[in-house]
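In structure tokens below, several structures.
What follows is subunit A paired twice: with subunit B in the first complex and subunit C in the second.
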Partner chain A sequence: MNMKKYYAVARNAFKQATAYRLDAVTTFLSSVIFLTLYYAVWSAIDASGDIQGGLQQVMTYLVAGQIVSNAAFLQTEQFIGYRVRKGTIVNELKRPLGLMSHVYFHELGWVVFNTLTKALPIAALGVVFLNIPLPGLVNTAYFALSTFLAFNLVFLLAYANSMLVFWTKVDWSLRMTRNTVTNLFSGVLFPLYLLPAGLSDIFNVLPFRAMADAPIQIFTGQASGIQVLEIFGLQLFWIVIMFILAHLMWRKAKTRLTVQGG
Partner chain B sequence: MRESENYKGEESRISSVKKHWSVYKKFFAMYMKSRLIYKADFVLGFTSQLINLIFSVAFLSLLFTQVESIQGWSFNEILLLAGFSGLILNLHHIFFFAPYRLGEDYIISGRMDRYFVRPLNMLFQVFARYIADDNISKVLANIAIVVYAWNQLALNIASVKIVYGLLAIISGVMVIGSIFVTFGTTAFWTGRSQAIFWLFFRISDFRRYPYSIFSQPVKIILITIVPIAFTSFFPTTFLLGMPEWRNWQIISLLIGPVMYLLAYQFWKIGLSNYSSTGS
Partner chain C sequence: MTLIKAENLDKIFKIYNQGEGIRGYLKSFISREYEEIHAVEDLDLDIGAGEIIGYIGANGAGKSTTVKMLTGILEPSSGKIEVGGRNPHKQRKKNAMNIGVVFGQKTQLWWDLPVKESFRLLKEIYEVSDEDYDERIDEFDEVLQLSDFWNQPVRKLSLGQKMRCELAASFLHHPKIVYLDEPTIGLDVAVKERIREFIKKMNREEDITVMLTTHDIDDIEDLCERIVVLDEGKKIYDGELDALVNRFTSRRMIMDVRNGEEFDLDLDGVKEIEKEDGHVEIVFDREIISASSLMREVLERYDVLDFQIKEPDIESVVKKIYNEGLEEE
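What follows is the complex of A and B.
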């Protein structure tokens, strides 16, 4: 079957990832630092005012956000940026699979690695130190599915963004900007259920909410029953839009393909 | 006899400083010329840093939709804290960011070797090679934030505050510098430095919030291993006129040179441990 080559790409990426064990430790510690900081900040806010739903709900939301972002938020721009600068991007065009599917399955290998080494330890940490309630079996499955959809969306946005590298030749600033914008608008930094009404409308029309807030709502139990289906629907809607955008960007970028050095 | 030797020592030190300064100017000019080739990189870096800062302010504003003040600190006071500490941090980054890649770019690659054969200070050569000019946008934006918050809080412009502020910036840049040198030096043993700096970048977010909200272990870290409280909270309390932190405000002005000297001693130990990768 044709699936074999995709599997091979994903497995290779996973093996590659295991060479970056130190990176996994650092990412995990980064999340610990992040949660320590915002536990202190939200505790202080809780002491000075009244948070809707209380401190525990904020922390559950933030821990879930760290699980989702550690598992599904990838730095695809690096993969493409490196190859564009080196000129090896031309090899990607000779492969028996398209550029997008190659990068997709490569990133999928990383997602498996990140889930095992970064996301699951954060979940364990949240349960032990912050008493985070885990969702039931069915909701955990929904959460996993929604996180997977979030990965697809993040991937497509990052892929579309990386096409700009064909013009700029540098990727770190493009990546930084996407991460900056995504982190705030997706809910990773700030629980979106706390937004005042007017601001909430702005966040609702943007695609970022479907990248983290969507699975988080399932994790925290804020969404249930038919709402879970609505969340999947919203994520799929944005995936289709992003897929079209990513394709258009790639078609434009292909015409810009220059190979340095040869 | 002895007197003239002393005199000679003094003179050669002055001429050494002069030499380093003139070399730095040449390195700087060279670096800026090479940057002109990558204008897009500069423009994008400048812009993305600016967007990043705007989003941190937006995040602070979101926090303040929930509450009037965080442990007695109003939005504008926190803004001053974030702006002033950001000014110190990014000012440091423009000139002294190089230790971030010390392990990957200098030690593992063996590039460090060439620095040994030049009659220049080793740490100086590391700094002189890299100017993180994309931080200029954050320095400018942080100055704007400080000015805005200062006006909103209707703080007076007393000359003692101006002098204190300038000294705190100098000392603060040295504190951040000592962290960079210390963290970078660990790469002489580990061969890597970026990973440990990622942790620093995350911890440096603590500077935006009042020191008093943190638990005891965190407070201790912020004045010892990663002493950023001296570059953020303590000096800002002086600018805001909070006398209860008086001792810490004074220490903040003195700690920079002390920490830098300690970090430099650690750097020399690390350097004596360097063995070329031989590639």
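What follows is the complex of A and C.
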């Protein structure tokens, strides 16, 4: 694999993303609103009783969740959906690149942009206004790696999901559904460690946990030592499964393209 | 030397019917009725290196579908394709290194980025060296004048400017074959001419094979010696352009004749005579009777006041093919 080709795709995607600077600002603001709202809600809960680990830990968890989910925020369904509807997907298919790698590096360009313009400002905000403790140097590196793995997982799910565009012809609702389900089960909306045992089991067998809760646990320090390795292992496990799924979906979509015309 | 070879190529699409109204829509979830559309049927192609082929036919004749199969994007329902000795679908990426493709009206340029960024990406994708790239862009600039808008974001370009970019992009990596699907659609005459000049130059200097689908008569006339005509997925003509024109349009002799109402002529090669108020039109076949001997015959018998000969033109041939297929007159 000639990496230069793919690096060039990511670079252009990053440059393209900077054309939508305003979008970055609004996403960032929505994160601020989310955190403010949640701070109010969890303060109220905290005042009326005991939260396991206390308010500070909840807020640290939620801020970390915002960092991860903003960094790995993808709109793959729109990217592919637009091209399928307009028929310009032929432009990706005429090139000496695989479609999945092409889209992957395009999204990677966006992740770099998201990290710089959304995730890092949120982290700074958390530190300044909510006194969120940052992890040490080693754990920060682990957190970054785990967030990268989470991005891979989100990408594969989004890619598999976006193949449905070949049937539905709409993309926006596909992304919204994926986003909502992911947020709900991954730990972005509420700390998963607060779940009662029975419910927790359900969350444990789903792949979404590895998309946010996994790096969050490293950020908050809930996972340490061997547990960090376990987290990586879990994420890699789901990446393999999702990769197979994404591949199968693409193969199925390809026959759809071929029986129905570009 | 054969570069593109297709044998018994077939492409069938399934078009799923969605019934009418809400009931029909709900029904379509359960029973999936579909029609089969034969987009390309039993097509044979044999295209040599360095040719410029005009691939023509009405909308929906199967031109784009053929191009998508030749470029490896679509898999044929049956039949065989070899492009440069490769199966373009099975070895799509390898094949893609040696071809350039323009799908008219489907831009591959990065909308919000300056033109040059799209080209830099292509440079990496097609593994063009720095030196070659600089040379190539300068060379293209001479004919296509890309430097006028090289640093502008693509969204600010006119249709003609975008098409000049698309064209340059498709030739950037010295491909062996370039497929151009409607490259001049919607462009003004000056841009069209520039684009044709560019295609000719590339073909002449680098022996790049060009397959051109178009509805533009001037494109065909100016660029293509050989044309392939497709009608409802079937190849109905494959050969020289001139031969097609001669075969499908008879010449007309138009005259004003004294006592034209009585005009009659019984000669071999005269196919049809139309009369109206002393105005006579003779449709004749040049292969059987020449214009001069026809004129001689007419002058012997009638008093001709004025006359002109109408040459066949491609436009009428193409229109005829689009409207009624390729039946002989």
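Just so it is clear, the second predicted complex is superposed on the first by the 256 of 262 C-alpha atoms of A that agree within 3 Å, B and C clash if a C-alpha of one lies under 4 Å from a C-alpha of the other, contacts with A are read in each partner's own complex, and residues count from 1 in each chain.
Note that contacts are C-beta pairs under 8 Å (C-beta built on N, C-alpha and C of every residue); 3 or more make two chains touch, one makes a residue touch a chain.
Predicted model only: the values in this text are computed from it and were never measured.
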First (subunit B), second (subunit C), both or neither touched by A:257: second
First (subunit B), second (subunit C), both or neither touched by A:181: first
First, second, both or neither for A:9, with subunit B first and subunit C second: second
Contacts of A:96 with subunit B and subunit C, given as first, second, both or neither: second
Subunit B or subunit C, by number of subunit A residues touched: B
Touched partner set for A:226, first subunit B, second subunit C, both or neither: neither
Partner chain(s) touched by A:22 [first = subunit B, second = subunit C, both, neither]: first
First (subunit B), second (subunit C), both or neither touched by A:44: first
First, second, both or neither for A:194, with subunit B first and subunit C second: first
Subunit A-touching residues of subunit B, taken from the complex the two chains share: 38, 40-41, 44-45, 47-49, 51-52, 55, 58-59, 62-63, 65-71, 134, 192, 195-196, 198-199, 202-203, 205-206, 209-210, 213-215, 218
Sites on subunit C touched by subunit A in the complex: 12-16, 39, 64-65, 68, 71-75, 92-94, 96-97, 99, 101, 103, 106-108, 110-113, 117-118, 120-121, 123-127, 153
Touching residues (chain side subunit A, partner subunit C) in the complex: 2, 4-5, 7-9, 11-12, 15-16, 19-20, 86-88, 90-91, 93-98, 257-262
Residues of subunit A that touch subunit B when the two form their complex: 22-23, 25-26, 29-30, 33-34, 36-37, 40-41, 43-45, 47-49, 51, 167-170, 172-174, 176-177, 180-181, 183-184, 189-190, 194-196, 199
